[in-house]
Each structure stands twice: as C-alpha cells, then as structure tokens.
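Each structure below appears as structure tokens.
The two complexes that follow have subunit A in common; it is paired with subunit B in the first and with subunit C in the second.
Showing the complex of A and B:
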C-alpha cells in the first residue's frame, strides 16, 4: 500500500475536471431548489429524473462508472417511470403549504445542516489517496482481486464475491418489495380505481381535482412489472 | 486552486441533502415527499462517491498488461483471427513501482446496493400512496387527517 502514497502524495486535479465538478454540482443545486418551488407533480417527478441523470454524469467524472450506469438506468429510468405511473393513479397537483407551516421544517433543516457543516473540517480532502476510507480495505480488494477472483472489474468482484451475502440480502429486499407492491395493488388492474369503504362508509371527495379522472378508462398498467 | 476546493464537494452535498430533507418535511403531498426522499438519497450517494475518489485515479477496473490486437513483438494481428481469452494476461496493479492509480471500489459497491434498495422502498411508498388515494381520494396529508377526524377512521371517537 505504500506505493499508492508515493504515487500521488498531493491531491492534484487538472482545472477542466474541477470545472466539470463545479458545474455539475451547481446544476444539481439548481434542480433541487426547483423541486422545492414546484407545485405540479409531473414537473417534480421529471426534475427528480433530471437530478438522477445529472448525478450519474457526475459519478462518471468521479470514476464511479458502475454507479453511474446503475443510477442512470435505475434512478433516472425505473424510479421515474414508477413515480409517473403512481402520479397517474393518484393526483397531478400538490396544494401549496403556507409559509408559516414550513418554518418548523426550515429550522430543523438549518440546524442539521449547520451541525454537518461544522463537521466538514474533519473530512479528508477531496481526492486524498491517504484518507482512511481509501487506505485499508478498499485497496486490499483492489490488490487481491487479480489473483483471487481473476476478473478485471473490481466493483463486480466485491459485489458478487467478497460481499456476496450483502448482494443476496439486496435481492431479498427487492423480492419483498415486489411482493409488498403486489399485495397492496393486486394483479387485476384495478389499482387506483377501487372504491374503498372503510367501516362501511364512503369517504366523499371534496377537493381532489383528479376525482373525475378515476372513473375514466386508463390505459396504463399498474406499476409493478418494472421493479421486479 | 485545489486547496480551495478540498472541502467544496462536502459543502455542496450537505446543501443538497438538506434540500431533500426540507422537501420531505415541508410538503404535505405524499408524492412530493417521496420525490424529496429520492433527492435526499441521491445526495447521500454523492457524499460516498466523493469520499472514494482518488485524485489522478481512474475507474476501478484493472488494466491488463497486454495490448489487444497485437502480438508480442507489437505486430498487428488484424490479418488473422484475434484470439482474446479472459484472464490470461497479468493485470496492472497499484503498488510500489506502478504508476497506475485506481479510485476506491468499496464506496461504489455500497452505493450500487443502496440505489437498488432505494428503488425497492420507493415502489413500496408509491404503492402505499395509491392505496391511500383509493380510500381518501386525496394524497394531501392535511385532507387525510381531516377525513380521519370527520369519518372517525382512527376509532378514537364513538
């Protein structure tokens, strides 16, 4: 491991890399603030997909290529489709929340953010090859994959072999989630249109703008096929 | 210049995380809440990937000490069939005497798992939202609480 330290003892970045990093992060901040201000759910869902896609581009610039294509496919693709189909089954608009009811949330967020900003000084410098996270087990995987697993992609080797039980648990989580969605929505295509009568009484709709749309025939399928 | 940017990523990531958390806390619409949760989650991924970056490094895919399409003497093999067998060449490893530097693969693996689990939880949340909409005809929390009170769905009044 000492060779890594001699190879690059100083974090050195070329200026284009830094400019790319800064502009992508600035784009992410703009998109996130836009999501806060939006009221149309369609715009919110689309901007969330944009956020995932921009962060995938940012992952590529930080050498995380496997994470980048997973985020682009799953984060920007599948979860946007899931949220769009849920939005079609539920509602199109969100009602605005008065400012005085947001003050509590704003206070909590500012305090938590200030506490985290206070801790930023203890974080290792960006790109430091000698930081604790980059020194020990991660680089051991790097050194031993070639002789133990014999495949070039270290991320795949760690995911499927060194941390295989973790990946197995992930698969169990996905299966449980698919099962849960099936149990919640059913397979008969009536998701979102079924008239529920809790305690034998019908909850009258007063304000939801999409109440009439629930009776209209909808062509979209329930969202389960995509996630399983 | 890079000294000034040593902690820059962390600060922006904290701002993004708090923005996502603010969407979760402040909005009363269930789908907007889930979108905010998704933003919060993606910002956390940014934090992990930032930590795993090694400056001057490259993606953690081992380079093979072999040039494809050429024989040992550097002559092109393109006139004949090119045989490439996996695993028959030595990998260029980081270490003493090596000028190749790779980024840390471990945060990438953790985040790969987290992305997929995040979509699983998101789908459960959306399915619950659709079910809530079936009962209450709204996905605004205020109206749901009002209906709870009016129709005694919590069973607290007689």
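Showing the complex of A and C:
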C-alpha cells in the first residue's frame, strides 16, 4: 500500500476511500436484511431501488463505471417499474413462510456462499501484471484497438466490434425477454382480462369455457383464478 | 487539489453516508408508505451527492455523468410509485385531463 501512497502526486486517500467503501457495504447489508425481513411488498420494491443505488455507488468506487451505469439504469429504473406492474397482478403483502420450508433454501445459500468464499483465494491480486486478464490476449486488444478499430474505449471496441455477433445475439435475447415480460405484465392495466368475438359471439375472460373449467373442484390451481 | 479541499470533501462524503443511514432508518421504520417514499427519494438525492463528491475524491470528475443518470432514474422510480398509488395502473398520462375517461382514484 505504501507504493500506491508515494506514487500518487496529489494527497492520496487510500485508507479513507476504503472506509467509505466499507460503510457503503454496511448499508448494503442492512438493506439486504431489511428486504428479507419485511412483509410489505411496496416497501420491498423501494428498498430494492435503494439497494441498487448503493451498489452502483460502490461500483463507481471500484472503478467499474460502465457496470454502475447498467446497475443504475436497470436496477433503480426499469426493475422498479417492472416490480410495481407485477404487483398490479399479485398480492400486496407476502405471507410468512414456515421455518421448515426455508431450511432447504438456507442450505443452498450457505453452500453457494462458502464456494464463493473458497474461490476468492484463487483470485489474482488487485492490479497483478501476471494475472490471466493481463497476460494473454487482453494485452493484444489493448495494443491494437487504437489502430485496428479506432475507438478510444477498449471495452466498447471489444463489445461492439471484436465480439459484435456475440453482442448481437445478446441483444436479441434481451429483446425477446423484454417482449415476453411486457406481454405478461400488460402495462396498460388490462393483463388477465381479454375479449374475443369469433363469429359475432362475444367471449370474455369471465364467460369463457375455460373459466368454468377452472372453477371446477378438480382444478389444482385455485389461487390463479382468485388473482384475476 | 489542495490537501484542505481533499479533507473537506472526505468529511462531506462521510457526512453524506451518515445522512444516508438516517434515511435508511426512516425507510425501515416509517409508519406510512408516504414516509417511505419520501425517504427513498431523499436517499436517491444523497446518492447523487455522494457520487459527485466521490468522483472528485478519486480524481475522476467524469463520474458526474453517472450522478446525472442517477438523478433521472430516481425521478422515474418515484413517478412510477406515485402513479401506482393514484391510478393503480402505469399507463396513465402525467397531465391531468388526458386520462379523464380512465377514472383515476384521486
């Protein structure tokens, strides 16, 4: 750390910035526990927006500005709207889940977290020149982007030019996913209500033959009917 | 950046985080949903301020662009929640009079 301190020409704030990072992470932990413990889904949606804002600020402090842009746009903007419009179709409160049904999920989470902590030991040190990201083709991209593609930002060049087809496929996937979500949610407030006129005969969601079948006692999903 | 200015910005960054924690307390314990809404909005403003200060601390003033984006996103989220309260739908114009046939619950 002393090397970093002396290398900077202006007063360096490595330790205070570390303290800022730690306090941001502490806020994240508090928000995450609150999301788990709360029952009002309104408050949970708002808390998710707060979580996204704080984590994006933390990404900025980690120098991952593009990730912070994405997190702010998707997490705080789009997903708040999507969660709210999903709440238009579902309940406003969540009921407590009994403890014995939470044990399986808790086990999975603990195992996954332990695996991640175990993998941290294999990560290269911060700024290590011999790390895989710095020693193989990455340096070629860094050296040749300026003359081959003439885009100043290397990340943009890799995403939009070197891996252009890959990015195109991702865009297609995201577009179809967004289309499906919009069709499911029905942002105009008409989701779950439909009406058709085959041969001049009006069929609505209430009078459709499927509605009477769903009311039959052998239906195995009575909650779906109650929510519409 | 003079040393005094640096320490001044560090102190203000810490104070902004303290006020974020205060907003979080109101958000968790707020009795009504409007308290929580106001707390979330204010929390977003604190995040914008924190980013502005922090970008100058680490010497990358271009991060102010992200702070601008945050301000916009904060506004969108607040508007979405308020529309949800008032109309129970999101496809409603912001101007009064466009949506008289929809019969909002105001």
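Of note:
Here is the rule we go by: the second predicted complex is superposed on the first by the 155 of 228 C-alpha atoms of A that agree within 3 Å, B and C clash if a C-alpha of one lies under 4 Å from a C-alpha of the other, contacts with A are read in each partner's own complex, and residues count from 1 in each chain.
Quick note on the criterion: contacts are C-beta pairs under 8 Å (C-beta built on N, C-alpha and C of every residue); 3 or more make two chains touch, one makes a residue touch a chain.
Since the structure is predicted, the reported quantities are computational estimates derived from the model, not experimental observations.
When subunit A is checked against subunit B and against subunit C, the one touching more of its residues turns out to be B.
In the superposed model, A:163 makes contact with subunit B only, not with subunit C. When the two complexes are overlaid on their common chain A, residue A:65 makes contact with subunit B and with subunit C alike.
In the superposed model, A:50 lies in contact with subunit C only, and not with subunit B. In the superposition on chain A, contact of A:124 is made with subunit B only, not with subunit C. When the two structures are aligned on the shared chain, A:181 is found in touch with subunit B, with no touch to subunit C.
In the superposition on chain A, the residues of subunit A contacted by subunit B and by subunit C overlap at 11, 13, 45, 47, 63, 65, 85, 87. Against subunit A, the residues of subunit B that register as touching in their complex are 1-2, 5-12, 14-23, 25-32, 34-36, 38-39, 42-43, 45-46, 49-64, 86-87, 90-91, 93-99, 101-109, 111-113, 115-124, 126-131, 133-140, 142-143, 147, 151-153. Residue ranges on subunit A touching subunit B, taken from their complex, read 1-4, 6-8, 11-13, 15, 18, 21-22, 25-26, 28-29, 32-33, 35-36, 41, 44-45, 47-48, 51-52, 55, 58-59, 62-67, 70-71, 74-75, 78-79, 82-83, 85-87, 89-91, 94-95, 97, 101-102, 104-106, 108-110, 112-113, 116-117, 120-121, 123-129, 131, 133-134, 137-139, 141-143, 145-146, 150-155, 158-159, 163, 166-167, 170, 173-174, 176-178, 180-181, 184-185, 191-196, 198-199, 201, 203-208, 211, 214, 223-224, 227.
Remark: subunit A residues 10-11, 13, 16-17, 19-20, 23-24, 27, 30-31, 34, 38, 40, 42-43, 45-47, 49-50, 53-54, 56-57, 60-61, 63, 65, 68-69, 72-73, 76-77, 80-81, 84-85, 87-88, 187-189 touch subunit C in the complex.
Interface residues of subunit C facing subunit A in the complex, by the touch rule stated above, are 1, 3, 6, 10, 13-14, 17, 20-21, 24, 27-28, 33, 36-37, 40, 43-44, 47, 50-51, 54-55, 57-60, 62-63, 66, 69-70, 72-74, 76-77, 80-81, 84, 88-91.
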